[in-house]
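Each in structure tokens, the structures are laid out below.
Two complexes follow with subunit A in common, the first pairing it with subunit B and the second with subunit C.
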Partner chain A sequence: MRASFYPKTRSTPPVKGALPVLLPYRSPQATQLSLHEKLFNGWTVLALMLGFAWIMVQQVWAQSGAAQQASVPDILLKWTPVLLKGFGFNVLISILSMAIGTVLGVGLGILQVSPVTATRRTAWLITQFFRNSPWLVLLFYCILLIPFEISVFGLDIPFPGWVKAVIGLSLPVMAYMSEYMRGAILSIPSGQWESADSLGFTRGQTMREVILPQTVKRLAPSWMNLYAVLTMATPLVSIVGVSDVMTLTRSALAAESRVDLLIPMYLYILSWFFIYCYPISRLTVRLERKFAVKL
Partner chain B sequence: MTWTPDQPIVSIHNVQKSFGALEVLKGISMDIMKGEVICIIGPSGSGKSTLIRCINALNDIQGGSITVEGQEVHDDNLDQLELRKKVGMVFQQYNLFPHKTALQNVMMAPLKVLKQNRADVEQRARALLKKVRLEGKENNYPGELSGGQQQRVAIARSLAMNPDVMLFDEVTAALDPETVKEVLVTIKDLAAEGMTCILVTHEMGFARELADHIYFTDKGVIVEHGPPATFFDNAQDPRTREFLSQVL
Partner chain C sequence: MESFEAFFSWLYSDHGINLTIGYDSYDRGRFLDGVWTTIKLSVLSILFSLIIGAVGAWVQGSPLRILRVFIGFFIAFFRNTPPLVQLYFFYFAVGTVLRVTGENGLPQPLVSNFGWAVISLSLFAGALNVEIFRSGIEAVPKSTIEASEALGFNRLQTYAYIVLPLAVRVALPSLGTNLVNLVKTTTLAYAIAVPEILYASAQIWSDELNVREMMNVLLLSYIGLVAILVWVLHRWEKALRIPGYGV
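Right after this comes the complex of A and B.
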């Protein structure tokens, strides 16, 4: 056996001739929604959130005697265009971080199964370092360490705060992606490597032509889940001075200076994130179910 | 030394192989001439599969030598690709690429490894699928094919590299009894065309009918070997006789 051809793990080598496994029994009724599944779903959560907000607002309203001022929905509506712009910025940051993190993470994940021990160890170290660091700390590091502009061949490339924030958020994404990738590669049966080997494929060709295409399906659910988590983490950038939806909300609240606005305003923003992320998590669950059976 | 067809195409000499402390092959020797069909039989754990995996360097060996067409297989300077072109292998679990259609599975290695012209490769791949009686299944994915059909695609895929020797590692062991036959017919066709075939098998009837020579291995050594008629009807060693009495 050519030792360098097969994927490497840090501790144990992949099980030779992995056996086909019996799939768990699935009851035929599993596809039908039960009553509690019909009653308690994502939209119930949203309704509960809004209802809760309404009760709180009523109380604060009554206490502050703000009845003669503009109504809360009117104010929310007034600020919506500004806040939406901020939210769009959050989405943009999440998409860019995800793109950078995914590309780097896939590369790092492949290096984690490299036949070269030094490469494998280094990739593992980088992955573990970023995976086990708080996102906020990484964000601060990027904001503080990356200069505001870099000169390359006399050309000044500016690095505004939001670009640094994108880089800061892409680091943990990279680390998670790297782990998912490693797991996906190792989950491909060893027979695939062997048959490619016996057909004369090099290790690189096997990776590109046989292994990586098969990991896409396995990665999709975790990848989407990671994206939802990342999107929900984007308000962190407001702490490091990027004008995202949270920063703008705070400004709006300061401008209005009304106590009874606090809860509805934040809940308003919360519901946007919910509406954006919930379908993603639903889709993830559906994909997981779809791919779970196909080994 | 250049190889000529009057010399053994595969020559195995005193091969030793161990996995850690476990000695699997304890000095196995056999010579296989071009066009011969060899069946290796024996109880499980006797090292049959390990032996044929050593022939195309999927496993390394600790001692002895294996040559294919005069070329030492376990040589650090070996041109892997040269060996892969000479020796094709079919596995018990088919190991087709599930994300490619039957036709793409057959075409992949000639295209990517040998860098041959796409049109020629496709023509040859279609001919190969027809040869293994899978006409009309070109665009099906492995998941849509039965075990026997998948195994025949796997055979076509190996043949696409134009090998001189084919290794079959218990290729019917994972199949339904009805589909075993269709795979065996394919192998029979190959043998009739003069392909050198080395099979590890539990199909005694098939071995008896088709093999030129049968080797019986047990506990890492060749206990007995001979042409099928003498081997099945006149086994000398008590271990062979016991094994045959259980499987026949």
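Right after this comes the complex of A and C.
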């Protein structure tokens, strides 16, 4: 009888005294959420926005009184697959830019705390320059000034618009990342450096094996927040002529050419971005609380 | 002025650096108008976003739950959606619906594109300012508020005379970051054809085909504008400092 609830594997012998006693009763509502917490989530906002869109639609629709026209939700549904592809492209751009920007930014950030004054100054200047110029201007800069293909050893490497846009978006990401990196490295207590020194680590070893692993935890919240900001900056590529979700939305609106579709359509796209970015920003807040540096 | 223009003409003829804004008064006029529009746009948006931030933070501390939830929605929406799509939403969607009949009997937009840019940017930056002000308010010691209550200040008076002045000082560094971001975000107004610096420069480089030169002028202008703002904020921070309070 006893064997029935013990694990059958032989590697774990039955623990002496492990009896199936009554576990304490756990209330399903053990964690009382406040009304604010209960109401305040992405789904409620989405429902509200859809409701708002519906109200707007109803009015205009009733005014036009044309029953033969397709209803607005039907049109939105019809365009959804096309728009989803565009949105997927935005996400792809954001991931690529984030990857490039993070790698470059971490390097630049480490250079910003270099013991060589000239290196430190140069890295600081580059960081400040890209951090203080507008994203859109940097995007224009890359789109218009990078050649459309580069020949290296007789090999033509093409640079289509979207690759240039990825590079353009990764520049500000690099600068922000570099600044976060510098802050994170400087926030590590100097005792860490000194003890690594006394253990005979070289500067490079200290950086790689002692300091950088500790910065990861401090960087995580700002890194995620930066990703959300970058994702929200990706529609900018539509201004410089790369086809993305905004371009597709506007052509869809032009194709339908209906005034009552304008507000629902834009709200629809806004809600997609919201659903994508809101969980990231909630997680950021949670991580910030968890990893808060206690003084 | 003659030698100034001669210098830029020489720069073009001898070195191939075609800075038309140096020697062509028409291009210079366009560019300076753009700079002026950007400054107007930035100042108005900063002003309105600060008002939204201060009022929003006050409302968020209100005893009415419905108001707090409403402000929560407002912040979540404007913080987690792209500013460009917000601008498009206001200008192309709401702006198309909001029309009045003009003097000539044709429907005219109620708010100009400049107006929509100010509204959209103020709301976007204002939502962030609410959070920044709130974190400042949370840093104000409870005993200070109790002391003001004991002196007979009501809720609004406590907020306006005691809490906000202290909260602003605590929040200034992050407020500065956000305002710098706002000045950088004014470039988005390009998308709805507000003639600010980026728009003026784009017109100049399409006419004169001097993308390389104008691009660098543009970047330097923005860095200059941001530098001025940072300097003003720094002076403000210094002037507001209370010895012994904060860092």
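We take it that the second predicted complex is superposed on the first by the 251 of 295 C-alpha atoms of A that agree within 3 Å, B and C clash if a C-alpha of one lies under 4 Å from a C-alpha of the other, contacts with A are read in each partner's own complex, and residues count from 1 in each chain.
In this section, a contact is a pair of C-beta atoms (placed from the backbone, for glycine too) under 8 Å apart; a residue touches a chain by one contact, two chains touch by 3 or more.
Bear in mind the structure is a predicted one, so any value in this text is a computation, not a measurement.
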Partner with the higher number of touched subunit A residues, subunit C or subunit B: C
Subunit B versus subunit C as contact partner of A:Met232, first or second or both or neither: second
Partner chain in contact with A:Pro81 - subunit B first, subunit C second, else both or neither: neither
Touching partner for A:Ser198 - first (subunit B), second (subunit C), both, neither: first
First (subunit B), second (subunit C), both or neither touched by A:Glu209: first
Touching partner for A:Gly154 - first (subunit B), second (subunit C), both, neither: neither
Subunit B/subunit C common contact set on subunit A: none
For the subunit A and subunit B complex, residues of the former touching the latter: 1-2, 17, 20, 189, 191-192, 194-201, 205, 209-210, 213-214, 294
Complex interface listing, subunit B residues touching subunit A: 56-60, 80-81, 84-85, 87-89, 91, 93, 95-99, 108-109, 112-114, 143, 154, 157-158, 161
List of subunit A residues in touch with subunit C within their complex: 35-36, 39-40, 45, 48-49, 129, 132-137, 140-141, 144-145, 228, 231-236, 238-239, 246, 253, 259, 262-263, 265-267, 269-270, 273-274, 277-278, 281
Residue ranges of subunit C in contact with subunit A within the complex: 65, 68-69, 72-73, 76-77, 79-86, 88-89, 92-94, 96-97, 180, 184-188, 190-191, 198, 202, 211-212, 215, 218-219, 222-223, 226-227
